[in-house]
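Paired with chain B in one complex and with chain C in the other, chain A is shared by the two complexes that follow.
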Partner chain A sequence: MSNLPTLAVWKFASCDGCQLTLLDCEDELLSLAGQVRIAHFLEASSEVLAGPYDLSLVEGSISTPADTLRICEVREQSRLLVTIGACATSGGIQALRNYADFEEFRSAVYASPQYIESLATSTAIADHVRVDFELRGCPIDKHQLLELITAFLAGRRPEIPDTSVCTQCKRRGLTCVMVAHGTPCLGPVTHAGCGALCPAVDRGCYGCFGPMAGANLPALTRQLRQGGMSAREVDLVLRTFNVAAPGFAEHREDR
Partner chain B sequence: MTFPAAVLSMAGLDELISTLAGDGYRVVGPTLRDQAIVLAELTSAGDLPAGWAVQTGPGTYRLKRRADSAVFCHSAGPQSWKQFLHPPDRKLWSADRDGFHPADDRQQPPFAFLGVRACDLAAIDTLAGVLGAGAWPDRSFRGRYRGLFVVAAGCTEPGGVCFCASMGTGPRPGPGYDLALTEQIDQAGHRFVVEAGTEAGAQVIARISHRAAGEAELIAARAAVDAAAAAMGRQMPAVDLAGLLAASRDSVSWEQVAERCLTCGNCTMVCPTCFCTTTRDSSGETGEHAERWQHWASCFELDFSYLHGGSVRSSGESRYRQWITHKLGTWHDQFGRSGCVGCGRCIAWCPVGIDITEEIATLVALREEGAGEAAGD
Partner chain C sequence: MNRELQVRALTRVEGEGALRIAIEEGKVTAAQLRIYEPPRFFEAFLRGRQYTEVADITSRICGICPVAYQTSAWRAIEDACGVSVPAEIAALRRLLYCGEWISSHALHIYLLHAPDFLGYLDAVALARADRPAVERGLRLKKAGNAVLEAIGGRAIHPVNPKAGGFYATPAGADLKPLAQQLARALDDALATVAWVAGFDFPDRELDCDLLAAAEPDRYAIESGEPATARGLTFPPADFGSHVTERQVPHSTALHATLDGATYLTGPLARYTISSARLSPVARQAAAAAGLGDTCRNPYRSIVVRAVEIVYAIEQALAIIGSYRRPAVPCVEVPPAPGTGHGVSEAPRGLLYHRYLIGSDGRIEAATIVPPTSQNQAAIEADLLATAQAGIDLPDDELTALCERTIRNYDPCISCSAHFLTMRVDRG
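Moving on to the complex of A and B:
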């Protein structure tokens, strides 16, 4: 038992949805529990083992001064550190404040803003410490998470291809919502992983998984504009869960 | 050997489907789904897209109501028959602690394809030349290909992105079909003139309700298909494409196309002949079970050209050039024919509407400009 590799799950500024994905691995969770020692996972158990940890999954973004210190401690205690989800990987939806007046937000949202100790920005974990792998998505995909953990257990590289959502969409045999329906879709510039969830229900891709490597945003935004969207509307589709992700952020006109 | 031509009514077409299904085939043909005419398993002629046509252009595909109830008067849709012959995801083997188990898909029932246009018939033949031939054929593909029953459909209404006539693959279906239908609707009614290409095809016709086709009917049906050659929305410039592409390695046009290209891979996924795959291994949570799967891959993916240390073709320019050069040029060196059949899918299903015929026209114009400048020097 004590020889099993240890797994720790950490939460920073986030909604807990990505941690929940691990608990959602219902069928696989029990067999997984026999392969790793869950050493720190507050959402699942109040039992906490002391570090160091073999694999740390980090959810959430850095958004308070305390976070900036705690993430360094997590890094020091972790052999491998993997970020899970859009918050940890690009700052999340809360990074909208990076493009607004933070003081105004704080005073408008909280009754007693003087007690709120927060940073003016929400940033990715990789902006603060070295990250060994980033798992994308808002939330992450259960199958990719299992692939990541089983690859870690086998000591191999995770098979998480950096391709467009279109490649998964087409492999599923779905009809392109952009070409056949004129529905705006971020699929051609978005990192695969969700299995083309939204196009499967006749919706355009929202870009939850953030930009794929080498995404050609200007070409897509030009097409969205030609399809009738205003510059403001194009900015809005890029202002979601990955608003601060390099690859999306620099292509908004309102940045 | 030639077989006498026959005429089927709509009820006869329905009988054709049920007869093939009764013979153990999975009958696949066009049907309406998700505001498109897709390919799926059919249970009766009632599943066919009666009264629907399509309007296609670069980056656009829309359904259009017809005045009649034609079932085959639409051009290529979002998928091709590749989806079935060369499936997007396929298990190759699995392994447990007790041994190694190759996947066996030989037990799957064979396919009967209904409504294969000339371009796609040529594409199936092209795929067979790539995957089913040579010293190391893909046995899984070959099994599906050999069991195939093909009912071709003469194309009488090509679409806006079609250019099979200029690729020499259509509109009249070439060899490779068991049966070839031509749909006709006029005062004489809604019917299908059928020509058998194989003994198997002729035998199926003998078992279903039909009447003999008159000489004039057969000539009219063939003429309707041949007339489609003049109605293609596009044409590939009639030049030596392999030579043009080989001479255009450093063309300025690659940079221009890369400005528009999303490198999303849609063109390769919808192409009926793009055959590239990758394999992925998985090991279960307990490490007691492992699997290897084959998946479609695209030369537009960075992973595709990943070698030690990075991707060889990292820019959009190099990836688009690779795709079009292989498709229209080096495919000849490799497989003795063109990789393009002129179906136009890559034009319609490119989200930004990049047009392979226009890109070739640009290369031709740039070459002529270059030659003009050289002469003026």
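Moving on to the complex of A and C:
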């Protein structure tokens, strides 16, 4: 009935914030709905169309036995599969379990842990199926999401720079919080995309977009230690929303 | 004849849930809101984190109400550390929270709930019939997000709030465009109340107790003490002695009870307990929309949410109107060993946090009780009664009615499931 390309949105273990980012495109949502057929987006629509789908946006990490199978079905149904956000791209904050005693975790929250179906790890979508593109962030940036969908509609590669938060911070003309105030900042090693939100409020970047490619972690961690942070404090800042991203995980002392 | 109705994936709710109704010989024997959202074990991995990290980490429990998580978290941390913030910082925090109420309620009213009343599958289909209405909803949502961005630095998982206040505060002049946007949004909010007041509301009255934070002289948002419709009030520190959680067999959820009984938190509870403390404009809008002093009809929760948007916008405008930039963006919160309790009114209801902090500022224990897990038993009780009353309907109509019943409560499954994934077996 329509020749529009179909869009599907899928959720795995997550907070819903990345798919909410699509609904937060208040100015673009209705015109977008005229250019793609929203075929599967449970949070937004009770109309659920069968696949295959031209573009699948996948939020969340794989953390249950059932989800290891479901993601394969999503892949089979999707021409292009794009992960949105830190959970889908690196396992999210729930990947902290990967470095802990999972049985102890489970019984710490539940009186009868035998009822809880959950894997001992939380892993990225790319650990399970082929992924065509990864959009970073906890949460993703709305402008990057729109660029991604626009590029898909135009049949081109999205223009999403793989540089550091520092490059965006400089372009905004912000004062470097680390140089000027000695505030610990992960900007030099963190993937760009947020627009340097934290330095804009006099806060150091806390790495919610995860590591950029080729980040020089040893140089930064040395700087953080010289600035007075303990080894534990350095580990903690690398153990948040992208704890399992190799670029961060390989440089923690606790791993 | 035995029937079983199932919805394997509920739509237009936040998070992953399913529905099962079992009917045996004309009697509904089970009505389950099953939540298959995977648990994320926040309470487990918060242990060992630094007390200053808790607000950022717990905001990741819910992308729709991150400010609620941040607020209940810093309330508990500041309670444990014996710190209170100056009035100017407290006002900015209320302003930030108003943004979340506006945005979250507009999302639920226009994109998730209204299509049920008007017979559409989603807001896109609704927009084909009435584009100005959906555009009004999106404008309102955008105004709420504008508040979150101006004060919080980001709409989802704000970066600016922290224990003790904020990293930075806006200059007064920076808030002027926001005030203009909110003044226009107030018209949209009043139009929203009038719009939803015209919907058809089936008769339904909940008789369970209601729980909401309340304050003596205003409608509670980011502060207040837990209060019940039956007249009980208790400090946040007593939450655990009134509300008990119990794991149900074959369930990954704990069911909460208030002094042993099923109860409801959320807009109906807030309105019923505190409608007299709304602003005159909000009260007038409520009266014109046919709301009395109390509201126990879950279908009419959409009207209460619309009235709360009016109130939140007025509050935001008042706070901006009398805004004086705080002398300092935050106060010091030195770590102190002990337990702290925090409650605030998330858009979906009362959200309780408790932390035990060690002498070095490390979190030793964390307890988080989100609104939807508190509401679970009340939602299922309503489902049971609704399914029983509609038992003569054909399967598809009865299933749709049950889905609607769940949506009335705006369940935030992402929130609840991260502690408690619910799968109830009443067998």
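As a convention for this text, the second predicted complex is superposed on the first by the 254 of 255 C-alpha atoms of A that agree within 3 Å, B and C clash if a C-alpha of one lies under 4 Å from a C-alpha of the other, contacts with A are read in each partner's own complex, and residues count from 1 in each chain.
Basically, contacts are C-beta pairs under 8 Å (C-beta built on N, C-alpha and C of every residue); 3 or more make two chains touch, one makes a residue touch a chain.
Note that the structure is a prediction, hence the values are computed from the model and not measured.
By the document's definition of touching, of the two partners only chain B reaches A:Ser164; chain C does not. When the two structures are aligned on the shared chain, A:Ala111 is found in touch with chain C, with no touch to chain B.
In the overlay built on the shared chain, the residue A:Asp202 is in contact with chain B and with chain C. Of the two partner chains, chain C is the only one touched by A:Gly17; chain B is not. Of the two partner chains placed by the overlay, neither chain B nor chain C lies in contact with A:Leu238. In the superposition on chain A, contact of A:Glu26 is made with chain C only, not with chain B. When the two structures are aligned on the shared chain, A:Leu146 is found in touch with chain B, with no touch to chain C. Looking at the shared chain after the overlay, A:Leu55 reaches neither chain B nor chain C. The residues of chain A shared by its contacts with chain B and with chain C are 202.
Contacts from chain A toward chain B in the complex involve residues 28, 31-32, 34-35, 146-147, 149-151, 153-154, 156, 159, 161-164, 166-167, 170-176, 178-182, 185, 187-189, 202, 213-216, 218-220, 222-223.
Touching chain A in their complex are the following residues of chain B: 33-36, 38, 59-62, 78-79, 83, 88-89, 258-266, 269-270, 280-287, 295-296, 298, 301-303, 314, 316, 348-352. Of all residues in chain A, those touching chain C in their complex are 11-21, 23-24, 26-27, 29-30, 33, 38, 42-48, 63-64, 66-67, 92-94, 96-97, 100, 104-106, 108-112, 115-118, 122, 138-139, 194, 197-198, 200-203, 206, 208, 233, 236, 240-241.
Those residues of chain C that touch chain A in the shared complex are 9-16, 36-45, 47, 49-50, 53, 56-57, 60-64, 66, 107, 111-112, 115, 121-125, 127, 131, 134-135, 138-139, 141-142, 145, 153-157, 159-160, 166-168, 247, 249-252, 254, 329, 403, 414, 418-421, 423.
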